[in-house]
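What follows are several structures.
Look for chain A in each of the two complexes below; its partner is chain B in the first and chain C in the second.
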Partner chain A sequence: MNLSLPRAGRASDRPASPFPPLGMRRPMWLALIALVAAAFVASLALGAVRIPLDEVLRALAGGQASKDTWQTIVLTFRLPKAITALLAGAALGVAGLQMQTLFRNPLADPFVLGISSGASLGVALMVLGGAAVSASVFGRTALLGEFGLVTAAALGAAAIFVVVLTIARRVQSVVTLLVLGLMIGYLTGAVVSLLIYFSIPEQVAAYINWTFGSFGGVTWQQMRVFAPALLIGLAAALAGVKPLNALLLGENYARSMGVNVRAARWWVTASASLLAGAVTAFCGPIAFLGVAVPHLCRALFATNDHRVLMPAVILLGGALALVFDLIAQMPGARFTLPINVVTAALGAPIVLWVILRRQSFARV
Partner chain B sequence: MSKVIAISRRTLVLSFTVIALAACALPAAAPAAPTTAPVEPTAAPTAAPTEPTAAPTATPAPVVVAPTANLTDGCVENYDAAVDYFPEKVSIEDATGFVVEYFNNYKVVTVLNPWRGAQEQFKYVIVQCGTPAPTGIENALVIEAPAKDVIAMSTTQLPHLEKLDLLDRLLGLDSFLYVNNSKVRTLIQAGALVEIGGGAEVNIEKTIEAQPDLVMTYGVGDPQYDAHPKLLEAKIPTVINAEYMEGTPLGRSEWIKFTALFFNKEGKAQEEYAAMKQRYLAVAEKVKNASNKPTVVSGMASKDKWRVPGGGSYAARLILDAGGAYLWAEDTSAGSMQLAFEEVYDKAINADVWLLTAFQRYDSIKAILEDEPRYAGLAAVKSGNVWNYDKRVNENGGNDYWETGVGNPDILLADLAKIFHPELMADHELVFWRQIPAQP
Partner chain C sequence: MNMFWSRHSHRPEHARPSGAAPDQAAGSSSAPAALKARDLTVGYRQGTRTRVVNRGLNLCLRRGTLAALLGPNGAGKSTLMRTLAGLQPPLAGEVWLDGRPLRALSANELARNLAVVLTDRVDAGYMSAYALAALGRYPYTSWDGRLSAEDEAIVQEAMRAARCESLAARAASELSDGERQRVMLARALAQQTPIVLLDEPTAFLDLPRRIEIMHLLRDLAHDTGRAFLISTHDLELALRFADELWLMAADGAFSVGAPEEVSARGDLLRAFAAEGDEVQRYLQGIHR
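Up next, the complex of A and B:
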């Protein structure tokens, strides 16, 4: 495939250790960590309601802000949202990186396996598919509510997840997986269109609203599921860094290094699907971060080594999600934008710039 | 609804020039000769065009007695250009979206704001059946009145048809699913109506087969969603009803007069609207000087966004007229505003009444809080003053608030007044709104 990632080329004459030892990129790491911290604090301090920073800090420290609503806003609106954005951004970046390496395709994103389509289908069935089905499954109260949406998206994502994993264990070629994801996307797209066609505007609006994506819907109660799911997924991804590096150099090479390719592929698929599925279930289909962040990190650190890229993607993904969400809020403005508008509008130029710049470097 | 008549009517429309020539042979009302530049008819509605002093030709004109009422059925048999065929006229008080000009044997109605940000207007020349159509009116669709049947593409048109005693002329609907009107439901069950589909998915073949005299639809300005471009292309007489663009409850319901124009039912429309308006104003008057005006928040959050009606919107106007203090009353926007949940939370924390306007039918406040625990801090939640407009929703989710309610804003107002000032509205029973109980 022409679009395959640049291999760690120069390393090929030293097959024993294709990647140079981890360099000292301390300033870069410090800058990234500072960016994450700054974005996190900013997302707690800034919002539609103007709250002085010292009041924000007092509320966070367990004290009492001078207005009750401020206390509530900081602790139950902004804090869970900031944590959600941080985790979701990290998860999407990691899943994107895994998929790009697995499929040796720089256009791959966390949703290439059809996980997000599965979640969309779950939500569409729930929201659009008539009260009868949903009511019998979820009880009378959860029809269109936030909790119902999360449940439906999670079930949809999980169903596709199981299908993908089952097939991933059997197939020889990653291309089959890619085609599978694509076909799942078409199938669910057809069903969703059909449901929209037979639905009334309120239902369609609720579904469209979900597709816009948001970090702000995760309440503390939901966080008890969301955070552990993502932390497990991230840990699994970090544990799979070495086989990922081996896969980068081709499956034959990986085999020669003693990597069980099929097991590695399954491990990567499982963790990426968990990450993408959980984020989609709770935040909706968040576009672009998954494609963009790995490219940005490769450019920033000038490497394909997953031992570097994985933590870098976690930090930069979290930071960018926080920043994009802040921009979507447009502190001080009356209106808010859907997060997906911002991620795509700002993400696309950034990635273009990075790729073009890398191209010109490559020529030199 | 004989097919022969319908076809001859369409033939009339199509053979426009022939009729035009005939019309121009007559001296009085016809604006201009077909060869000259088109002339806008500008005469004031009541000022009748110049009286013809003599019979147009040598043929002895039959003695025509000027009608005292509009012809709501059938056609004129002995046309006389001097006769005002529309002695009953509409006068518009509250609606801003359409204007009508009357001429002796036709009326010109212009839909000014067919949709948000529209660049075009729609002009309809409604010609008394049996009389010649005028010439020279540009970009206008010529339609004969009274229409013998109609396909309604929105349930909001049904209450108007019912009030005008026109449900027997209902030929079809866009969809059967969302109808609440009991008479229309009976018609559906009896198999008396056709279902032609809505928006761009409208079934043209079915519509052509039904041969409607009139299709009344609405537009959003996007060919991807609108039915009228396809219907007009198929030469089906289709008119845009843009009631939803009106910013006031009275204005929106005054479109009953727009519907009436196509059936020559002006008299009935004037009567119905005046009575309804009187009831509306009576409720408004009752609560106007209430000592306490409860503060009101409306809408629901979706994740971290909360869409609230703008201060200049339909919903805000109803709250104001019902003696409520809407929290965003100073705002002037006519649509709705997408705000951050935290902003609404901060402002609405002490609001007395919460009007949900939720599609979902919550059985209790407990269920609402299970969905979104952050509502718990709102004063209205603590006091149980939480309401939704889902008292009358049919089995498919069609809400009668948007059907009967929009056509009867006096009931909408009385409902809200009852919620805000129960002591002043003791004899009113809530029709559309329902208080959400604390527990299921």
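Up next, the complex of A and C:
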């Protein structure tokens, strides 16, 4: 404005500032929230039985739907399932984002740390090894069986979690941690293969069925464990967002800017393991959401700033899980596809598209 | 580019404080020491085995000066830089920062006193150059890393000082080596530290960009009172622009002084004494 003073530019910089805004655009937030809400309501209304929207909302609001069966379907089956999908999608996306940044590897996801392998091992030991005790254990309808499955998976995930955390505290290099996770995966894979080899077909079928993944297995009873575990993990991830930005430059730079790298790594490992472990225990090993969602968010928001990415991943991860689950149910059809069929079939092309579209990203 | 040269063309060459008193071994200026080390042994410790890279180093980095660490590959320049930056502990001796031992500082305190520009590859992906430079505010922001208006002003000032404000909106992954080096320098300046260490800031740059960076660093040192230490292989540029040379010979000998002084003493030839005749003749040519 004041041309006589060359330094007076500060205020008049505003209109044509060369500096781009650091935050994120509000319309994108609103769009994401609307997407989550729409996917959530749709997943309550659609399925083998189609329920009118107003009836769904009435049942949700505490009123009585015009048919008792609708009331039951919405409140007993679809609501916990929708909540599960929402939380699981958010959790897997967040864990993936944390892993990708910590390991500086665009392909890292919750499976990398071996947590999911641990859960698989737990389930394999229980279904294949312990099934001899009682045939009802792996019956999909038996409540005891469901609970046992979850317990086994949670124990397996937790065991690996403790091992990884113990080693992560001593290990200097992130690459070592990465290799550690991979090796744990191979080791558990070997044990699982061994168990499968010596098992009868029905037991193998029960195990395979678990590996297909499902959001529908979490009852209200189990939700009391599942939801708090994931909410704690998500809160921890949000609280630990600052060091992730510095870690984008690598550990040396991060340390030089005041990051306690070891503490940050521990925090990330702990929250990602809790999130991935809980989801795998209750829903089975869900593929691709953990890799795909962070990439999608980076492309959508054109940023690497975790203060933006973390909430974006939570919203988009939840929305995508809901949508994928809807697709898996094939509304109107009488059968349901395994969720992993849908996440892999749609997730892999998404990752490909994102990487090819943005060439500079191939170098990351 | 033109602005860059025109701004500095009027600066008299003898304005360098190093020209004033070429008689002191530890440094030619009487400016206060920012970083000091006595009897420092640097190297690596793995388990019970230690590998000493250099021992008995006495050094002093003063405010308002640009010091250049020179020496053949393998002499231990990077090890010394990493030790001075607090990225690895010394095997013996102590690094002092403003009279306090470096290792007694918290990570945050250290980050407020000492910034580094490393040779580590930076794959910042979608980040804008501005966001990359803004990471320098890390030690000053609260738990969520949000930048205040004042923080942003500091970052913008740093980008102007490093002559890269026109790059602000560019994606960090699309910057050339020279551009990225300046953005990383802006990030270090935004950290507002009295000391800045740069590991081979001129590596991978073409000659004009090397001259620009050296010029910029010297001016920043003199204008802002910060202490800059660079490690470099650019002998001639270092002789021309640095206030002080730190020479590290392959045999571990370490000598310090203003460029004129170092030349006069023949330290340069001694530092590269292990090299062949061609190198010796070339070095003699450089300082006549």
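We take it that the second predicted complex is superposed on the first by the 321 of 364 C-alpha atoms of A that agree within 3 Å, B and C clash if a C-alpha of one lies under 4 Å from a C-alpha of the other, contacts with A are read in each partner's own complex, and residues count from 1 in each chain.
In this text, a residue touches a chain if its C-beta (ideal position, glycine included) is under 8 Å from a C-beta of that chain, and two chains touch if they have at least 3 such contacts.
Computed from a prediction, not measured in an experiment: that's the story for all the values here.
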May I ask you to decide whether A:111 touches chain B, chain C, both, or neither, giving the answer as first, second, both or neither? neither
Taking the superposition as given, does A:250 touch the first partner, chain B, the second, chain C, both, or neither? second
In the superposed arrangement, does A:47 touch chain B (first), chain C (second), both or neither? first
Under the stated touch criterion, which partner chain does A:241 make contact with: chain B (first), chain C (second), both, or neither? second
Check the residue A:76 against both partner chains and state whether it touches chain B (first), chain C (second), both, or neither. first
Pick one for A:209: touches chain B only (first), chain C only (second), both, or neither. first
Go through the superposed model and pick first if A:221 touches only chain B, second if only chain C, both, or neither. first
Along chain A, where are the residues that touch chain C in the complex? 10, 18-20, 22, 104, 239, 241-242, 245-246, 248-250, 252-253, 255-260, 298, 302-305, 307, 358, 360-361, 363-364
Note which residues of chain A are touching chain B in the complex, please. 47-49, 68-70, 72-73, 76-78, 81, 131, 140-148, 197, 200, 202-203, 206, 209, 214-217, 219-221, 329, 334-336
Residue ranges of chain C touching chain A (in the complex, touch as defined): 85-87, 107-108, 110-112, 114-116, 118, 120-128, 130-132, 134-136, 138-139, 141, 143-147, 152-153, 156, 159, 165-166, 168-169, 171, 173-174, 191
With touch defined as at the start, can you tell me which chain B residues reach chain A in the complex? 177-178, 201, 302-305, 337-343, 345-346, 349, 358-364, 367-368, 370-374, 377, 396-398, 440
